[in-house]
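Note sheet for the following structure.
Each chain carries a letter (A, B, C and D) given by its place in the written order, and its residues are counted from 1.
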Amino acid sequence: MLRSYLPALVFVGLGSLVGGAFALINSRLGPHRPARSKTDPYECGLPSEVKQDFRFGISFYLIAMLFILFDIEVIFLYPVAVQLKAFGTFALIETIVFIGLLTVALVYVWRRGALEWR
Amino acid sequence: MPDATGLELIAQDIREADPDAVLDTVFFRGRATLVVEPRAIRDVLETLRGKGYGFMASLHGVDYWPEEPRLGVIYELLDMDSVDRISVKVRVHTDRPHVDSVTDRWPTADHQEREVFDMFGVVFDGHPDLRRILMPEDYEGFPQRRDFPIGGEPVIFTFNEDHVPGYPD
Amino acid sequence: MEIERHHSQDLLRGLSEEDLERHVEERVLTTTLDRALHWARGNSIFPMTFGLACCAIEMMAIVGSRVDVARFGFEALRATPRQADLIILSGRISIKMAPIIRRLYDQMLEPKWAIAMGACSSSMGVFNNYALVPADKFMPVDVHVPGCPPRPEALMHGIVKLRAQVLGDPDQGWRERYRAAGTEEVVDAPVEGAQADNVFVGRGGETSGA
Amino acid sequence: MSTPADIAAQPLRDRPDEELLTINMGPHHPATHGVLRLLVTLEGEVVRSCKPVIGYVHTGIEKTAEDKAYWKAIPVVERMDYLAYYFNAMTFCNAVERILDLQVPRRAQYLRVIHLELNRIMSHLVWLGTSALDLGAISMFWYCFREREKVLDLFEQSSGQRMHTRYIQVGGVIEDVPPGWADKVRAFCREMPRRVDQYAALLDRNEIVLRRLRNVAVVDEETLLGLGVTGPLLRAAGNPWDLRKAQPYSCYDEFDFRVPVGTVGDNYDRFKVRLAEFYESVKIVEQALEGLPEGPFITDDRKVALPPRHELSTSMEALIHHFKLVTEGYRVPPGEVYAPIESPRGELGVFLRSDGSAKPARVHMRDPSFVNLQVLPHMVQDGYVADLIASLAMLDPILGGIDR
């Protein structure tokens, strides 16, 4: 069982290895000159007056939530799309039902007006 | 351009409404200029708008340093239909440089009046937001007055490289 | 190069045996690492899009296809100082802009370089008057590119010269590089109002320059 | 559901949950086309108020020009609106010639028109390249700057320098064009319309660009006239005011060209008006090349123009004139003049006051971008931040001209 997951594991291992190596080299070899102005927020070159307790409007979170919802849907379609021939027609019908359900959700969200930027 | 006689006619009309508003009329190289009392500037601009000069092309300041009253503000008006230009000049002393702002009737004058205030120190009464526009907010002095030093650093040549102020000898 | 050779020869004369061994071994090890580091840095400097005035148009021209800055790895023009390690001061620096440029320079990545492009940022150029500040007055500059505006090829020459300096020169903060120790303006404890990056000490709370 | 306009109707006070964020779209920003700082009050993605703050590249050009002789002031004045440098020099020389009552020979006027229109093409190219970059069409930048290099080659051949060429002199132009120059310009004029067709094909039928530009930042003609806006912005709103047609200068009345005018006055019209101005400028350059008259390229009034070098060795008067001009420069009789011309961004006028000495007493440049910038708050009120970027691109402000 483990063998079929080997390529994925090698892939993840290699990725984290190379990423980690670069991060380590940078932090070890790069010069460290902490200065007070480096920690200030960058606002086009001016001292920033945005209050620390500023909260973003609700619309941003709404859009983010919807994006995650429909993005996961696409991710689920990838494995099915790759092995559709092996799974046969049962998987096809299954996917169509899955997409249908999400389309209903999309229409509901659309009619409720969550897609327009408020 | 209203020719010389046209300029006199316009000056005549304004004098009927307000006897001592127009101080002088100048016609030089085809450019008609009305020199007007600072207090009457808004009415003169309104009468000129009535005569068709509905577009204010430019508003700028001048420093006539040796002559008194020293600070001048010039309004360039344009009549787009008959393609005609006329300019109105106002002269103010430096100790009471107050001119009525025309921003409410001519919105284009907003930034330009702020620039004249920033560069010459002419205070426009009634301007919605009279602050410095080009120089930093807390800058002292009015740079484009003739008596303001032009500043800058002396150029260093071989002959004066050893005793230039500000550089170690 | 031969300057460095003379330098290292008289350095070695005074060393005894084991110090000599340790010194050589240490130098050999670090030089190869340093050279590799400088090679990587020199060829992948990210300039910051910082157009002030006319020189900015010529700076845009070097990104164009005729004088292509991508040949030297300078192509990824970054907009924020957080991701840029070269600031090209392309244009005239007015007294209202000087504190902002100083703040941007402070917020840039280390190691950082600065090119003063054109006569105006190097020495107030044509407008030697009350409104301008040469770049040297408030920040360290590595390469001055003459011209008003300099031709794109002239800026390219400046960039290649900077690249050569980076390749040949061990990495130092600008204070070590220009032996400017003791010129620190930002004391560690933030003194009220005396900030190096704010030439005009604005009133508290209000945005300065607004 | 409620559109931004309805939200704008509700007074701000009674919506405590909507957090208003005032942030600086500051001097160092990739999309502000120079060091323009916008104090933007945002409510989520909707712009509630926008206040431009300028002065970050103020170089005191008008004060410096007062300290230079007349012919030395041209390079200083030329560096003001750094994309339309021929226009700055032209309007300054227009003013000085009007005070001196000087007659410019026809060949010089034609050469001036050719260079002005080539400069207008180059200025619109840089505008198209950078604003397409803001809208996301990054490859347009490389196409437009490829064309720009061709125009700069022409300038370099005729005047020796790519930018700020100081080619226009009081009384005419500095030098005659080299022999092969006219053919190169004709070749450029043949090829340029095809290039502009390619730009139009790339952008005009691109659904994203159309959605970003159509009915965005509509400002009606009344507000524009009140704010003193001129140039492509005013023509996009339907008012065909173009100084080349209204008050022809430097024999513009001898060329027939059309003035492109928009209808609605939204960002898309501003885009189309400037795109059409490419073709008109090419037409003017071609006609000016055909009718290029023979004759002197600068006035032969020795009081103003330097005598040719070969004359110095023979005639004494030429030597005296040369010495007088080179040391003190010519004196201009006292007077005041306002000489406007049509720059790529609108009416660029010079108010020149001379007090009889060899230095101008006051040089004020009425810059179109400085006045047009006042329309930006009206354009972006209650729109999205993305439309603020598109409107700023279509406004085409040049900060050198705004801050002088």
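Convention: a contact is a pair of C-beta atoms (placed from the backbone, for glycine too) under 8 Å apart; a residue touches a chain by one contact, two chains touch by 3 or more.
This is a predicted model, so every value here is computed, not measured.
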item: Of B-D and A-C, pair with higher C-beta contact tally; value: B-D
item: Rounded Å distance, subunit A centre to subunit B centre (Cα mean); value: 59
item: For subunit A paired with subunit C, centre-to-centre distance based on mean C-alpha positions, whole Å; value: 37
item: Euclidean distance of C-alpha centroids - subunit B vs subunit D, Å; value: 24
item: Separation of subunit A from subunit D, taking each centre as the mean of its C-alpha atoms, in whole Å; value: 45
item: Multi-partner residues of subunit D (at least 2 other chains); value: 24, 26-29, 37, 55, 58, 60, 63-64, 67, 403
item: For subunit C, residues that touch 2 or more chains besides their own; value: 96, 100, 104, 127-132, 207-210
item: For subunit B, residues that touch 2 or more chains besides their own; value: 135-136, 143, 148, 150
item: Graph class of chain-chain contacts, one of line, ring, star, complete, other; value: other
item: Which chain pairs touch, all of them; value: A-C, A-D, B-C, B-D, C-D
item: Contact footprint of subunit C on subunit D as seen in their complex; value: 24, 26-30, 34-35, 37, 39, 53, 55-61, 63-64, 67, 75-76, 79, 82-83, 126, 129-130, 141-142, 145-146, 148-149, 162-164, 399-400, 403
item: Subunit D-facing residues of subunit B, complex; value: 26, 28-31, 33, 54-58, 60-63, 74, 76, 80, 83, 85, 87, 106-108, 110-112, 115, 119, 132-136, 143-144, 146, 148, 150
item: Subunit A residues within the subunit C interface of the complex; value: 29-33, 35-38, 40, 42, 45-47, 49
item: Residue ranges of subunit C in contact with subunit A within the complex; value: 33, 37, 80-82, 100-101, 103-104, 106-107, 110-111, 171, 173, 186, 188, 190, 195-198, 205, 207-209
item: Subunit B residues touching subunit C - in the complex, by the definition given at the top; value: 135-139, 143, 148-153, 155
